Amino acid sequence: MKDFGFSVIKQRTIDYDQFDGRLLNEVLEMEPSFKVCLSCGGCTATCSAADLVSFNVRRMNLLLRRGETVELETEIQKCMLCGKCMLVCPRGINLRNVIMLIKKSIHKYKPVNL
Amino acid sequence: MKHIVVIGGGIAGMETACALTDAGHWVTVIEKEEQVGGKLNKWSYLFPDFTPADKILDALLEKHSEKDFSILSQTEVLSVNRQNNKFNIETSGKQKLEADAVVVATGYELFDASRKEEYGYKIYDHVITSADLEKLLLPDGDLSVAAGQNPKRIAFVHCVGSRDEKSGNHYCSKVCCITGVKQAIELKKRLPEAEIYCFYMDLRMYGKNFEELYREAQEKYDIQFIRGRLSEASEKIDKSLLIKSEDTLSGRPLKMNVDLLVLLVGMEAGKGTAKAAAACSIGCEESGFLRTSDPFLMSNFSEQEGIFLAGSCTAPMSVNDTILHARSAAQEVNNWLKKNN
Amino acid sequence: MKFPPSFILPFTIGLLFISCFLVIIVGIWISELSKIDKSRIVHNIFTRKSLLAIRETFSESLLHRKIFRKNPVLGYMHMSLAFGWFLLIVVGHIEAYIHYQSFSVPAYKAIFMRYFITQQSITLSGKILAASMDLLLLFVLSGVVLAYYKRMNSRMFGMKKTTQLKTGDRIALTALWLIFPLRFLAESVSAGVHHNGSIISQPTGHLLSSFLPIQSVEMPLWWAYSGALGLFFFALPVSRYMHIPVEVVMIFLRNYGIKVQKRIDGYSRIQIYSCSRCGICLDSCQMTHAAIKDTQSVYALKHIRNRKITDEKLFNCMLCGRCQPDCPVGLELNSLRMTQRIESTKEYNSSYEYLKNGKVNVSPQTEVIYFAGCMTHLTPAIIKSMKEIFAVADVKYWFMDEDKTACCGRPLMQIGQYNAAQKLIDHNREQILASGVKKLVVSCPICYKVFKEDYALPGITVQHHSEYLLNLITDRRLPINKMPLRIVYHDPCELGRGSGIYLQPRLLLDEYVELIPIQNEKASAYCCGGSLANIKIKMNERTQIRDKALEEYCNYEPDILATACPLCKKTFAKSRILPVHDIAEIVCMSITKSAEISSKTDSEILCKNVAIK
Amino acid sequence: MKREGKIQVWQDYQKDIADDHYFYVRSCIRQNFFPGSEQTFLKILRRELNKDIYENPHHTSCSGIGYHSDIVPFDTIQTIVARQFALMTEAGYQNLAVSCITSFGIYNEIIETWKEFPSELEKVRSLLKKATGREFEIPQNVAHASDIIYKFRDKIASIGENRLVNQKTGKPLKIVEHIGCHYSKMFPSKGVGGAEFPHVLVGMIESWGGEVVDYPERRHCCGFGFRQYLVMSNRGYSVSNSRKKFESMEPYKPDAILCNCPGCPMFLDRWQYVIQEMEGKTYGENGQGIPVLTYEEMAGLVLGYDPWNMGMQMHQTNVEPLLDKMGIHYDTDLKYAGKDGKLIGKPKMVSCGC
């Protein structure tokens, strides 16, 4: 391959058609309450871990729904599972189970060549 | 006996006429179309409980048929002139009417989606509006897209022609959010295999049971909501559509291939209302909707004494709000006539 | 030498099989124990502890005293089967020893004695022994009848439900049910033929001979009896009746001081096999209030034993510990579930690299570290009350998690993430130690338990605020104004059953209000339903559990429902049926005389509204 | 795709294009990238259409690239543009014909600015007067050179020798049209057909017998983006934009790409080569690239001009596959021959797929 002093930049666009929904489907099947997330961010606002590090619980919904497994895996490790988020969620989502389900299965769906 | 002319034979006009007849007045409804009932004729099912629109329309029309008031259909008002506490009305049918009061109930028009060129309405094969979809949602409606296949992925675009400086409409049309949720559920019921996405800016579930329906859409029907306004749509070689938006919650651009794109068109005051406003010399807001004397206590009063306003010519309104507004208009007319007798 | 009749084969082979099996499996389990546990066995085996174990085996494995206390009918059933059978074996053997004048009588000769010894005993002692054998069999049979009946109708035993069976259990159960009636029939028929037997078997044999060709049915009946015994022995390893032998081993090991560890080992397996699936744990389980009927301890242990445990069942438990005091075998039900949770989640990753210990600047006069806990930050009334109390008592404190801090780690532990929790523990521990303060007061029982048990804080007293406030009163640092309020106190699981703190909150409340004793309190207190240990339960199911508890509390018509846990408070407060306050709030109300207690009328109206619904 | 809908849109965006007497302003970069194109344009206008088109050798860069790269201040570029207008006024012309899309955008932007803010116009008049002593009038008509070809497309078709038809199959050639961003995205009303469904190149293709390919990324920028290209380490952004377009058009199997901007043909042409070198991917048939043409070159081919005379040997993606399909005769030996018949030198790395 020739070196031109630059390389083709990877697109930042979320290509929805390329997205692997298996992890999402697994999580939603086991924890259907996660379907009703409003992305209000209440969980993130109250999050104990978010006080200490850049961590956004709300975004996990998005990462999962956009198939961003690599980022999701690193993000989710920051959660301390304290459960505060569940006490503020206006839709009563069982977030701790969502996190545990992701932790359980994420290795199955991580892209291989990364 | 007092004579009242109602301009517009939609549900607002008919309901006002009905209530005024009940109050013992002589009412003439002027309708530009052949049929009365206005835009309700275009709708199949109503939010938030999927009541067939026919059912409501038939119930209203049946009630009206029992009343004794005249309807001038396929007629437009040319001019309204005040003369000695009377209004002289000239119509396109060359009739000259004399009225003691006038009710403007000219309703709204749907936003012409082809004005949002980037969405390709009337250009791409499978871009339709919510009004088009409404007809397809009837039991015999054909939802198939290219090669007779059922669409596998469908996207709804909220706020088409509303809240959009580019369309010239800054206001919110109020009913499209819930219409989108309603239609998404209906589509999912018809096509359980399809994935359905709603691209929204805000979801404004203002009415009774609206929020509940939204939750049901997520919970029971797996409708997915993506916060972002569609920038453009393009047709692919297989007639499917590539749509682009920002996933604003991720902060990244998003593209998606869909088989059917539904544009949730908003309401505009429209030509009928503009003509009526000109004929009656009453004022319009910047949005084009008719100006009411105040938004709280006199929402049925125009700036001209004796000219009243009913329904969605004053602002985007749902069917139930329109009916209520029409009834209150009749009440106000009746009170005003009594006071001025 | 005369060969014994062939019908003894099923029994003999079965007995051989089960003996070998038990020796091997118990050997494996014991070899799996940790070194410390093994040395415990070695050190204790020849001490009084073995005698205690024998006594416990006798009273629990045979007499079933605990079940008796809970439910006499059920206790009788278990006792008649276990103790009766035991005596049958013992007395049978004595009878055989006497008859053969030898101790080296093969087991089959004792078990099938009525077949081998056809002549009637002529000595008085022989007659008594024979009669008592008949009576013992009758005693056992009465238990079998009850067992039949219990299968049909468990309600009679005061049990709401009974456990479901799987194939191995069904075979063993059928065999067990058949053993004694068959023995009775065989002995009676033999009595009819040979006129041996005693007070019951003889007349029965006589009666049977009047309409049965008893000579020709004798052999088949002995075959059937032996077959039933053999079948039972073979089905034993795959059935719940494994608990019969394993429980004895467990009782010995427990008496030697062995406990369930945080990993699956021989002892946890022994405990799992010791579950008799009596189903008593189902009764106390609040999950049934939410119609969750397949995740209780008995099922969890069963699935763990069969390696068919799913996360859905394993984690659908609030770990409230309500079932544990009721277990007649005395199994460590929570710990057993926990070992499996640890096992099931061991591959999960967590990274708390972001936890960086900053400088801890605490003034030397500081008396107390106050740790409110994550949840308490969502019930600011508790924090506010504690602050006011500290001010009134003139306590200098360091509010450790006022701004931000890591979670205590307990919620992670509850779902098996011990390794992850350790990282949080290490972080917080370092800060606590660095402060140099010698007392840690915690507002949340969830945090309290972990600080107390897992933090290793030498020289530091860890107290829940209920203990601490009581101390302040004893030290006369807090004023007391008794308020005319009737209060029901809800024991938080982690504070009560979890940490054994029952008394202090009650003593404290007694000083300030009128505390109403209630039915389900202390060890049998309800869980609020909000438990963090259950990650599978749905929100509406939590509500059902909560409402059932509230229903009882409402019966006492309290002015206030008091609790000592922010999560319990949050859970109960959501219902709006009763005003809910933490004990710290109640103390604060009293000492600041700001008795702005939500008036009862409010709650009455709400109660009515709920009733209308 | 519903044609009636598009026609409706095109009708909404019609613009006046002057009929004759043009003052021609050239593009800076086209003269390097596609040196024959502007010459071909002048030839077509003067010889085939008998139009009066004048160019003044003293006109300069509009400095648009500098402006868009935040190097040239607005006052400066206004004054430079005013000077071009002064040259036009001095020559007695009123219709501006702009070769470059960047310039076209700049001229429109500045004229619109002057309409909105007359004070700016006054300032520029005085600045120009002070600097050069010149005075100017705002052109009555600003047309892009492609507008002019569009206007006379049917005339060209009628006198042309070739059509955009595959001579072997008789089917119309599938042509991708790519409009420069600054043609109508800034002011949709200044471009024929507006911004969403521009008609300027579509009209030419259809008029000359070809078929337009409407692919999803049709509106997407070629990736020039000024700073994206000018700074070498940023060029990856530029390539990735072009690649996005290629991948989107690939399933349609286009025979050629037609552009009306100086940058677009350059990048759509060169990046095909770069992508092939970097990733081994080609987008045309038989491992070839997709030929990229300027509208003048396309018009020239229709009129039967010699491709080498129009400078089409300067393309990095070979144009021969298109010439073969159109049935145009060309002499392979003369491809790299100069005007004097001598070899001008052959590139070492012959382009994409060849």
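The first chain written gets the first letter, and so on, giving A, B, C and D; residue counts start at 1 in each chain.
As a convention for this text, a contact is a pair of C-beta atoms (placed from the backbone, for glycine too) under 8 Å apart; a residue touches a chain by one contact, two chains touch by 3 or more.
If you're wondering where the values come from, they're calculated on a predicted model, not measured in any experiment.
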Path length in steps (a step moves to a chain that is touched) from subunit B to subunit C: 2
Central chain of the complex, centres being mean CA coordinates: A
Rounded Å distance between subunit C and subunit D, as computed from the means of their C-alpha atoms: 83
Inter-centroid spacing, subunit C versus subunit A (mean Cα positions, whole Å): 38
Inter-centroid spacing, subunit D versus subunit A (mean Cα positions, whole Å): 46
Listing of all chain pairs that touch each other, if any do: A-B, A-C, A-D, B-D
Of all residues in subunit A, those that touch subunit C in their complex: 30, 33, 46, 48-49, 51-53, 73-74, 77-84, 87-88, 92, 94, 96-97, 100, 103-104, 107
Subunit D residues within the subunit B interface of the complex: 1-2, 4-6, 8-9, 194-197, 214-219, 248, 251-252
Complex contacts: residues of subunit A adjacent to subunit B: 12-17, 28, 32, 35-37, 39, 58-59, 62-63, 65-66, 91
Residues of subunit D touching subunit A in the complex: 232-237, 239-240, 243-244, 274-275, 277-280
Residues of subunit A defined as touching subunit D within the complex: 1-2, 4-11
